[in-house]
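Below, chain A partners chain B and then partners chain C, in two separate complexes.
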Partner chain A sequence: MLSVIVSGLAVGAVYVITALIYNLMYSTSKVLSVTTGHICMLGGVFGAWFTTVLGWPVLPALLGAVAIGTLFGVVTELVAVRRVLARSDEHLWLLSTLALATMTQQAVGLWWGTEPRRFPRVIPQDFSHGAADQKFWLPIGVMVVAALGLELFYRRTMWGKLFQATSEDAFAARARGISTDRVRMMSYAISGALGGLGGFAAGQLTFAYFALGLTLTLNGFIAIAVGGLGSSVGALVGGLALGLLSAFATYLFGGEFQQTIAVGLLMLVLLIRPEGLFGARGVRAV
Partner chain B sequence: MRRLAAGLAIAVALAALPSWATNQYQVHLATLIGVYWVLIAGLNLVVGYSGQLSIGHVGLLAIGAYVYAVLAGTWDWPPLLALAASGAAGGLCGLLLGLPSLRLPGFYFAMATLAFSLIVAELSLAMGSVTGGGTGLAVPGFPAPFDTPGGLYWLVLGIAGIVTLLTWNVASRMWGLALIAIRDSPVAASAAGISIFRAKLTVFVFSGVTAGLAGALFAALQSYITPDTFAFDIGLFFFVCIIIGGRGSILGPFLGTVVLTALPEVVAPLAKLGNFFYGALLLVVVLVIPEGIGHLVEIAAARIARRRRHESHVVQPDLPRLAAALARGPAA
Partner chain C sequence: MRHLVQAIALACCSVLATAGSSAMAQETVRIGWLSSLTGPLSSAAIAENQGVVFAVDEINKAGGILGRKVELLTRDTAGDPVKAVNLAQQLVFADKAQFIIGPVNSGEALATVPSLARAGIPNIIIGSLDELTNPAKYPLAFRTINTNTQWIAAANAYAIDVLKRRKVAIIGDTSGYGTASAKAAAALLAKAGITPVYSVLVDPNKTDLTDEMTKARAAGADVVMPWSAATGLCARLLNTRGDMGWDVPIVGHPSVMALPLKALLNKPSYWGNTFAAGYVSTTYRDGKLPERTQALMDAVKPALGGEIGFTFWWVALGYDSMKLVVYAATKADSLDPQKIKDALEHTSDYAGVYGTYSWSPTEHNGFPDSGMAMDSADTFNEGSYQAAPR
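Now for the complex of A and B:
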């Protein structure tokens, strides 16, 4: 039973990291990017490539994975978001990020192969520890650090305040002399770095697998939709609840109905509280 | 009158395709395009006209295919009855999916349809006693006269023609205008007295019916189906065909379907790239011509037409008279 809870928390931690990235990107650009899960996927795949194929030690490989994630975040902003936001059609960013996500997934599939590949040990540890295994605790640790770090960043640093100002009202922020384009670029870079780190930390749990991106995009989205868009507490609660739920569903009914149950949770919450558990009730756009 | 004649000529040429095609593979490809078009024509009303970005219609396609395979194969129903039943099943599932998800805003709706297609894939694997699980199901074909490749092609052509006619009727009347109004400004549409949810739900259920029909035809054409046949990628393909062809038009998505289905078959390297190619195409279209290639064709046609009209109004200066008038000078 303990191992079910721990593995549920670990899977939930990956969802929480994805949900935090969604929130971070959404706050400055009002875009829910389909590429969110693919950032984590790139972190895992490139982490495995640096360590197993190129034979790098763990620390440079981690930095490399973070760098790749950051680069991908910046590319997402430049290619799929910046030009599209200049136009007012609200659907276009969905199409452009979907296109970029598809290209990324297929390119990784062609280059890396479509089979999940092994991710090496990050910390020396043998495989006899059960629930105390690092593959569970690394993502949980990264999740805690990321959530606390983001909260400190928002509250204590100048850049964090710029993010919040842009998120509240981009026009007013620009009128006060904030370069909202640069703030948005910065938020995508930070999202990319966080995704690279999260994907690297979760690598042993998820394996280096090209199709992970789409699954994480969907489950991370379920986490924010359940928890409430824009709320860090909501992301934590939604992601962990989803992880625990799918772990227990697998334990009780077998792994065949995992996605069905996750989406059932989403529909239930959306029917009862459309703004999510911790989300602010939005004003109707006219 | 000329348009009617051209339409008739195209219809005759299409109907005679099995006799002028040089090999069976071309007939197969034309049938596949027709099957895809049955689904895309219905989906076009949802995506292109009312602006609801459904990326998970492959789930409805899979339901139609499995219903047909189980009813006609395992239960020995007459195949044409099973075809109708899979259309009904597609419509019913479209209703069940649309009731909760069509109330959601853009990205939420897209994710709900994505989740739906993943759930269908998961269930078709899990319910092995009905669907055959990962090994799949053999699918019976249609009875005579539809039992040859050419016959199946005619059946598909007939259904595609009817579906096209229906969507054209919907799109060119008040319904189409209402859907475009919902796409462009929901608030203005509801102020003009359009019942937004009902209009969206109606076209979504219609697209479910066409997706179910397309699924049955697809299964009969492939003659063997597994859960892998209905990967998320084809759902994306349908979606890309419409966006690239152009939203708010029927000809655009049709050209998109023909070109995107045939292109990877003709140019082999593109088939290897697969989704990367579709993704790149989608990105280019969204960034450069968000109205779609069909819109570009329309603009080009309008420009050519305008130039012709313009040229017909050009006044040739009467040079000898002008010279004479100048020579006479201002005094005259």
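Now for the complex of A and C:
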């Protein structure tokens, strides 16, 4: 039973990280980018490439994975978001980010291969530790650090306040002299860095696998929809609940019910609280 | 009047152009090759493609089919059944292919086989799902690969008759293939009077199998039989068994001995005590491979850079499937689909590399049970394996 809980928490932690990235990107652009899970995938694949193919030590490989994630975040903003938002109020970003995500996945598949590949041990540890294995605790640790770090960032830094101002009312923020384009670019860069870090931390759990992105994009979305868009606490609760429910559903009923439970949870929450458990209820001035 | 002359001239040009392109088409035998060369299921397809391309070169150097060169029309389905159907239609109606080989994966073939049957094009099946052949429904579809049932039967027989295990745990994945295979495995075991002590389906991307393996051990399992084509899942299964320190044998799908799995293992020793259904043609006996396999391997090796880093039976299967087209057309002395059908339905012991095939009017699965073997997973050597201990 302990292993069910720990593996559910670890998988849930990856969903939380993905959900936090959704929040970060959404706060400044009102875009739910399909590339969200692909950032984590790139962190895992490039982390494995740096270490197992190029032979880099762990720390430079980690920094490299974060750099790749950051770069991809910036590319997402420049290619799939900025120009679309500038030309249309419609939700065309869904198509542009889907296109970028698909191209990225295909490119990685062609370059890296379509079979999952090994991710090396990050910390020296043998394989006899069961639930205390680093493959579980690394993503959980990164989740905690990321959630706390983002809260501090939002509350204690000027950039964090700029994010919040842009999120509240981009038009008013622009009127106050805030460069919302630059703020949005910064949010995508931070999202990319977080995704690269998360993908690297989860690499031993997920292997370095080109098709991981879409799974994380979907489950991260479910987590944020359940927890409430824009809320870090919601991302935490939604992601962990999804991970644990999936683990227990498989344990108790078998794997064929895993996705049913996940999507069922989403439907249930959306029926009862459409704004999510911790989301702000939309109020329209009349 | 001038318009009339122009129209007639244009019509004449069109007719001449059409006749010209028909003549061009008649110069070659056009063979469609539906293969998932990219996408999540590409490993086997890439290896099969090596065999197909090599066979086409050989055929053309030897004068082609009935004196006509072979034109290979390769189409990448990317593992997508919808794409596979569209490409199959394109090959038949636009490219005028006279034979179709593939698609590689059963899921794609389930979608293409009925449409190719309607189009009346001979189709060499290289997907293992049993439902893909049916002489009544798909009269022009002939299978070269073994059926899924043959894989399962070989593994079950090894677990029960050789290892003398009766407490079976079946672990399948939730894909269509995994689910169907796990059910078929349980049904075959039931015929032998065995009810699995534990049976479960898991998501192919599930990150940890500790619970499943712990439950299997608690249920008293003395053999674990995985039915999944997902390399990652098979690797996690072996890692979990190794990390648990459980020495239970794992017997099942060929994926447990695929080379990419080796790199995913926590320790190389975790691959021991693992056995999978393989083939006589790619199993070493007394350190040697069958003559035909060795000959093909020697011939193909230079083109592969002198090293074979994938299971060689895929290459042999691709090679045989292409060569079968030559055999059928030569025997029928025609490319007419009905004559091809008659020729194949009266084929007994056609000697290929991958196997020795026989088809009849009531049986379109050509691979014999005697061509199956059980191999030790951790003995990979140049695409082939050592036989499992008996």
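The rule we apply is simple: the second predicted complex is superposed on the first by the 281 of 286 C-alpha atoms of A that agree within 3 Å, B and C clash if a C-alpha of one lies under 4 Å from a C-alpha of the other, contacts with A are read in each partner's own complex, and residues count from 1 in each chain.
Assume contacts are C-beta pairs under 8 Å (C-beta built on N, C-alpha and C of every residue); 3 or more make two chains touch, one makes a residue touch a chain.
Fair warning: this is a prediction, and the values are worked out from it, not measured in the lab.
Engineer: After aligning the two structures on chain A, examine chain B and chain C and state clash or fit.
Structural biologist: By the criteria stated at the top, chain C and chain B clash after superposition.
Engineer: Quick check for you: in the superposed arrangement, does A:T206 touch first (chain B), second (chain C), both or neither?
Structural biologist: In the superposed model, A:T206 contacts chain C only, not chain B.
Engineer: Please indicate which partner A:R117 is in contact with in the superposed arrangement: first for chain B, second for chain C, both, or neither.
Structural biologist: second
Engineer: Touch check for A:L218: first (chain B), second (chain C), both, or neither?
Structural biologist: first
Engineer: According to the stated criteria, A:E256 is in contact with first (chain B), second (chain C), both, or neither; which is it?
Structural biologist: both
Engineer: Based on the superposed arrangement, let me know which partner A:L95 touches: chain B (first), chain C (second), both, or neither?
Structural biologist: Touch status of A:L95: first partner only.
Engineer: Taking the superposition as given, does A:I39 touch the first partner, chain B, the second, chain C, both, or neither?
Structural biologist: A:I39 sits against neither chain B nor chain C.
Engineer: What is the contact status of A:Q106 with respect to chain B (first) and chain C (second): first, second, both, or neither?
Structural biologist: A:Q106: touches chain B and chain C.
Engineer: Choose the clashing stretch of chain C with respect to chain B from the list 170-178, 206-214, 278-286 or 368-376.
Structural biologist: Stretch flagged for C-alpha clashes with chain B: 170-178.
Engineer: Can you list the residues of chain A that touch chain B in one structure and chain C in the other?
Structural biologist: Residues common to the chain A contacts of chain C and of chain B are 106, 110, 256, 258-259, listed in rising order.
Engineer: Across the complex, what residues on chain C touch chain A?
Structural biologist: Where chain C meets chain A, its residues are 38-43, 173-174, 179, 200-203, 205-208, 210-211, 214, 231-232, 235, 239, 242-243, 245, 260, 263-264, 266-267.
Engineer: Give the list of chain A residues in touch with chain C in this complex.
Structural biologist: Residues 3-4, 7, 10-11, 106, 109-110, 113-118, 127-128, 130, 133, 135-136, 205-207, 209, 211-212, 215, 247, 250-251, 254-256, 258-259.
Engineer: Which positions of chain B touch chain A when the two form their complex?
Structural biologist: 51, 53, 55, 100, 104, 106-108, 110-112, 114-116, 118-119, 122-123, 125-126, 187, 232, 236, 243, 272-276, 278-280, 282-283, 286-287, 290
Engineer: Hey, which residues of chain A end up touching chain B in the complex?
Structural biologist: My answer: residues 32, 79-80, 83-84, 87, 89-92, 94-96, 98-103, 105-107, 110, 214, 218, 221-222, 225, 256-260, 262-263, 266-267, 270-271, 285-286.
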